[in-house]
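Two complexes follow with chain A in common, the first pairing it with chain B and the second with chain C.
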Partner chain A sequence: MSKLCIAMPPFAPDYSGAASALFDLGGMIVIHDASGCTGNYTGFDEPRWFGSSSAVFCSGLRHMDAVLGNDQKLIEQIIAEAQSLKPNFIALIGSPVPMVIGTDFEGIANEIEALTQIPTIGLDTRGLAYYGKGICAATVALMKKMVKAPQTKIAGAINLLGITPLDFYINGNDEDFKHLFVSNGYQLLTSFSMGLTIEALQRSTSASLNIALSQAGVQIAQYMEQTYQIPYMAITPLGNGEIALEAVQKALANEYIPFVPETENAEILIVGEQIIANSLREYLQRQGSDRAIAVAVLFDVSPQHLAQNDIIIQDETMLRKLLNSGQYHTIIGDPMLKALFQQETKIKFYELPHVAVSSKVHWNNYKRFLSETMIEWLDEID
Partner chain B sequence: MLNNQLSCCQFGSTLHYVSPAHGGWGVIRIAALVPESYQLFVSPFACGRHGALGGAVNGIKDRISYVYIDESDIVSGGYEDLIPEAVDELLAFLPKKPKVLLIFVSCLDDLLGTDHVQLNKRLAEKYPEIKFRSCHMNPFKMDTKFPPGVTLQNNIYSLLNKSETYENSINLIGNHAPIDQSCELYNIMATNNYQVKHITDFERFEDFQTMAKSQLNLLLSPVAQYAAEEMVKNLSIAYMPAYNTYDVEEISDFYAQLAEKLHISINISEYELAAKAKIKEALTVIDDYPIAIDYQAVKKPFTLARALHNYGFNVALIMTDGTNSIERDAYEWVLSQPKIRVVNALHPDLVKFENRGQHCLCIGFDCGYATGSNKIVDLLEDESLFGFYGIEKLMTDMISAFENETSVKELIEGAGLVI
Partner chain C sequence: MKKIAIYGKGGIGKSTTTSNVAAALSTLGYKVMQIGCDPKADSVKNLMNGHKIPTVLDCLRSGKEIKLEDIVFKGFGGVLCVEAGGPTPGIGCAGRGIITAFEKLEELSAYEKYQPDIVLYDVLGDVVCGGFAMPIRQGYADEVFIVTSGEMMALYAAANIAQAIKNFGSRGYAKYSGVILNARNVDDEVQVVKKALVEIGGEIIQIIPRDAIIQKAENMGKTVIEAFPESEMAQYYFELARKIAVAHCGGVAC
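Right after this comes the complex of A and B.
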């Protein structure tokens, strides 16, 4: 397998996902690194950072502290700032260097919690996994810390899972998703993670159904299914949202059967996040497209949500070959994929910017998933 | 007025606040100055994200690629073998081979003991037409003698081959952006039949080699001091510190030293008078309006504060990440000034935004962001400014910033900052 990545940027890593999931919760988030990892997150993976008073810090890890295993300095710095800010919780997030020196994040978190009496979580993120893993790890760690006992189930109540700027940017998609369900009479208990509060996190265990809008949401939903016996379904609302509404209605009535797409001899390829791509495919085929559509997943994959002939992208070489294979006449994906096309191509390319790929390079053109503009854009695809 | 009661943000060992205005050229933009060069980063994929996207924002991503390493590569020791394999694959793919391949490793490499000498030897044997350099993107060595900026400057200028002959030219090193052609330095040197060279003058690697023929390196930033010292040893090119300053006397002293060093005649009176006139004009407009200075805007913020104060301006705030050995006297002077507040630009308490809503004219957008001011001079690392011209341009920009509102968000976005 080639590890060479010539044209595409590295995608958003696990520590960005972890920080993103915790961003709105009033905690103090410390990324244990020298500066670049925090810079990845604040500079490129967190569109909410400008003007924000969320407490996200870099530990300023230095070579000698790493070599000597000097965790005490880190602990003292965190405690000093926690006394100043009095956060709801503290999250210590890992990066590649702590991985190599074997930093004990859980142990450090326990020590900080004992000394400050502030709930503290330590996340052993390493910069070797995609953002979805970090979103899930941070959310689950906080649930374990903050949710003392599962609540009584409320019939018909739902949670939305996996809404972070890394998948949906900050152009109103989060509010649109919530509005879709609330305005159609659903009791929305908790929306993860944009706008999430500790109280909302705690009441989320009363839901009867979790709706994962992204693959990161699927990862959280699987934990909640196992721990709190809340079933889940995976769909991203698109266009006028009718497909998602219908699916949720059926799921609450235990009648939901996931859509089985036509993928044989696919002529259309959707490259990107798994659940969004699946939902796009379902929308297009249920709106009458008679073309088979394949999904190429760039990030974390849930095997149960793969259709036949879907592709898990392992590296850039594989992706380059796929895009230029001649099989697809239409490709949908982040604009930075265009760097992989052969110079002369007849492929119709539809741009779907994704923060976890191109960040600020293209986020000003982000789609509003539930909008007339989105419907028009979807109608154009053939 | 700025609130002098604020006592937060002391220096010392703290967590770091990473403002949206934090950043600069980053190693990728600096390395991309080498003509006909290509960059290959070898690191966990996460380490490369900010550089790749920063490269895309700044239009140089097509000269940067990555080799992703994972835990098994680190544990198995297969990491070193990956690099030549990746170089083979990359060079086979690129339509035009670069003249220089800069192989960047990340912080991890400092913990692994990679033999870069052997690695580069192997690569040079296989590709004799290409120069290879191992470069370090290792910010966790920022507190050592060899942080990434210093080693990168040395790697860049180590590409020059010793010349047998020398020309009437001087080099500017340590400044990433070229000095504006309106600067008097060019006229002064031309009058004395000297050419002024900077790395941005060259599109071809071959032409870049002519910097090795210069008689003197003007060192515009301490980040290139080690490179300058190595060039004394390896290229027999002397160097002279010429850190950018906006102090009339310091600039006069610099030109006197330069004249002595090169045995040339320099007359600065015309330029000095023009700079002083501009200072007077700016002071008339800005009067005693508080001024804030940002360490990312200028390399010597304390010196600028002292100069502005001596010209009659009301300097109220300096935001910096620490003291700087090249302006110790100015730093000591600032500490003796009770009306000038010095704030740690990385202190975590900045997230409380306690400096917001305070009126000031900001030189640089890091203090612009912290204060929320809409009077901001768009300046990063003294870019394009030098000498008396630098004073004139800064004064012009201060007047413009004072009279015209600007958006700090737009300035930050336009700067293409890379960490």
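Right after this comes the complex of A and C.
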């Protein structure tokens, strides 16, 4: 029972990540579930859902459909809806029940594509992995389907990867990130995944450098590095964005050396998404903090971006012990973490809401990563 | 690399046929991997001197980190032997177990590391659920052979399997390549099977006559190819193996 969540909510899963990555692309998204998973995605993991016109459907999987493997019903429903919607593509997204009965998402997608002539992807998401895996799986599947041949490289051109509402909400962070690079003279080809279009997806293979702003972006960047030979770096722009700009400039000149943080006997702990947490640590230490800082990763992990003494959180019990270990006098993380603290704690806690953790409970207090208020907030941390 | 799935009714002689074909192919110089997809986990026993090997699911159950060497074993003639295994009898899900075992093999890059010329999937009984259809999905077997006898139950199962494969044609699944007649001395057996194939489709690829020597070899924990390589029965298996090799590899390494 060590995986039991007592005080924390379960974090955003892979099917939410997959649907989130495809949300803006004009496709027809079908989550194959009874309705709970679709409800979790639209109700909690997708801030853009409210008032949007994106076509996200629930297949309405029922007991006997699962028992009898009634794929035909699902296929017919999707085809009927697709004929009226005429989407750019169809995405069929998995959830726990289809996993248990071994639904062949790729096979069903092939069948739908053959019958409709609409590009169709099937994603074997299961609700057992974190959202980053789903974001990557959906993006890569769509790239395989839509990018026929890699384009010629454009010197100095960049892509931004891993900008999703699950990490950065919808308070303008996405536009701030794009503006930072464009206003500093960079040719921005594609920004994944908010505001993404099929055309932008196709031209993304011309980039000379991918910048992963979150761990989901790292996973996509690794695929693009392998497939299209586009190198990548991982950093989230913060404050005035100078550290990220400098890093990108160096990366394009093949001179970038990732920051090596001080982590020995850390007294400050950042709990959350790996790349954002790493970037926060780099900002704080490069702004003069002489304190060692450790990162505790809540979701997917890229081993190459782990520093010495960083921690991969396995479950709530481990997280609770870590937070109350007495080692850290300052902790940064989603406000919901406070539920894990012992009652009489002297720990200074700095709130950094994260949609994949606390959803709508705290998204009205989301940080603008590139802003004066962020700089002020960062300056307060000691 | 060619991947071939061998299906058929339970108890019809799939594992015996598959193991003998694997042994014959390896004797002919091919690098072969045989993957047993049956919770009983006795597909490769006769390639392993009568010994059962740890299954993929057994290893997963242990909770320890798994390496390829823990689940892939070299049997007679260097045949790479794997058993998917199954859940604890009476609980769990055998079909899901097959999927999990396949995913583990892929995760560990089993095909890339061993680079077999031919992979044989020995699959239990009928196409009973999504898990047992896994070996014929896109990316796995290219072709399916069905083992049958002239008995009605075996032919009924063969018809079901062939129908399932045809149903999934538009999903990019494996193609049905015919039946292997594992004779049970039913009256007029070849004609009975041929008549059934008019409805089922496909042809008899090979007739394997019934012979006590198969049982004799199995009692020794071996295939006929290993125990009695000069026997008449061994020649039938060599003939089937050559047909598979020529059809799929042009007689040379795939």
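Methods note: the second predicted complex is superposed on the first by the 381 of 382 C-alpha atoms of A that agree within 3 Å, B and C clash if a C-alpha of one lies under 4 Å from a C-alpha of the other, contacts with A are read in each partner's own complex, and residues count from 1 in each chain.
In this section, contacts are C-beta pairs under 8 Å (C-beta built on N, C-alpha and C of every residue); 3 or more make two chains touch, one makes a residue touch a chain.
For clarity, every value in this text was computed on a predicted model and none was experimentally measured.
Peer 1: In the superposition on chain A, see if there is space for chain B and chain C together, and answer fit or clash.
Peer 2: Taken together on chain A, chain C would fit alongside chain B, as the superposition shows.
Peer 1: Determine, under the contact definition given at the top, whether A:G185 touches first (chain B), second (chain C), both, or neither.
Peer 2: In the superposed model, A:G185 contacts neither chain B nor chain C.
Peer 1: Figure out whether A:V100 sits in contact with chain B (first) or chain C (second), or with both, or with neither.
Peer 2: After superposition on chain A, A:V100 lies in contact with both partners, chain B and chain C.
Peer 1: In this superposition, which partner touches a larger number of chain A residues, chain B or chain C?
Peer 2: Of the two chains, more chain A residues are contacted by B.
Peer 1: Contacts for A:P303 in the overlay, against chain B (first) and chain C (second): which applies, first, second, both or neither?
Peer 2: In the superposition, A:P303 touches no partner, neither chain B nor chain C.
Peer 1: May I ask you to decide whether A:L115 touches chain B, chain C, both, or neither, giving the answer as first, second, both or neither?
Peer 2: second
Peer 1: Would you check which partner chain A:G288 touches, where first means chain B only, second means chain C only, and both and neither mean what they say?
Peer 2: neither
Peer 1: Rounded to the nearest 10 degrees, how wide is the angle at the Cα centre of chain A between the Cα centres of chain B and chain C?
Peer 2: About 90 degrees between chain B and chain C, seen from chain A.
Peer 1: For A:L4, select first, second, both or neither according to whether it touches chain B, chain C, the two together, or no partner.
Peer 2: first
Peer 1: So in the superposed three-chain picture, is A:G69 touching just chain B, just chain C, both, or none of them (first/second/both/neither)?
Peer 2: In the superposition, A:G69 touches chain C alone.
Peer 1: Considering the aligned complexes, could you tell me the closest Cα pair distance between chain B and chain C in angstrom?
Peer 2: 5
Peer 1: Mind sorting out which residues of chain A both chain B and chain C touch, each in its own complex?
Peer 2: In chain A, positions 99-101 sit in both the chain B and chain C interfaces.
Peer 1: Taking the complex as given, what residues does chain B use to touch chain A?
Peer 2: It is residues 13-18, 20, 22-23, 43-50, 52-54, 56-57, 61-62, 65-71, 74, 82, 86, 89-90, 93, 106-108, 110-112, 137-144, 346, 348-349, 351-353, 409, 412-413, 417, 419 of chain B that touch chain A.
Peer 1: Provide the residue numbers of chain C that touch chain A in the complex, in ascending order.
Peer 2: Those in contact with chain A are residues 93, 95-96, 99, 129-131, 133-134, 137-139, 168, 170-173.
Peer 1: Going by the contact rule set out above, which residues of chain A touch chain B in the complex?
Peer 2: On the chain A side, the touching residues are 2-16, 30, 33-40, 42-45, 49-51, 53-64, 66-67, 73, 76-78, 80-81, 84-85, 95-97, 99-101, 126-128, 336, 339, 358-361.
Peer 1: Across the complex, what residues on chain A touch chain C?
Peer 2: Within the complex, chain A touches chain C at residues 69, 99-104, 106-108, 110-111, 114-115.
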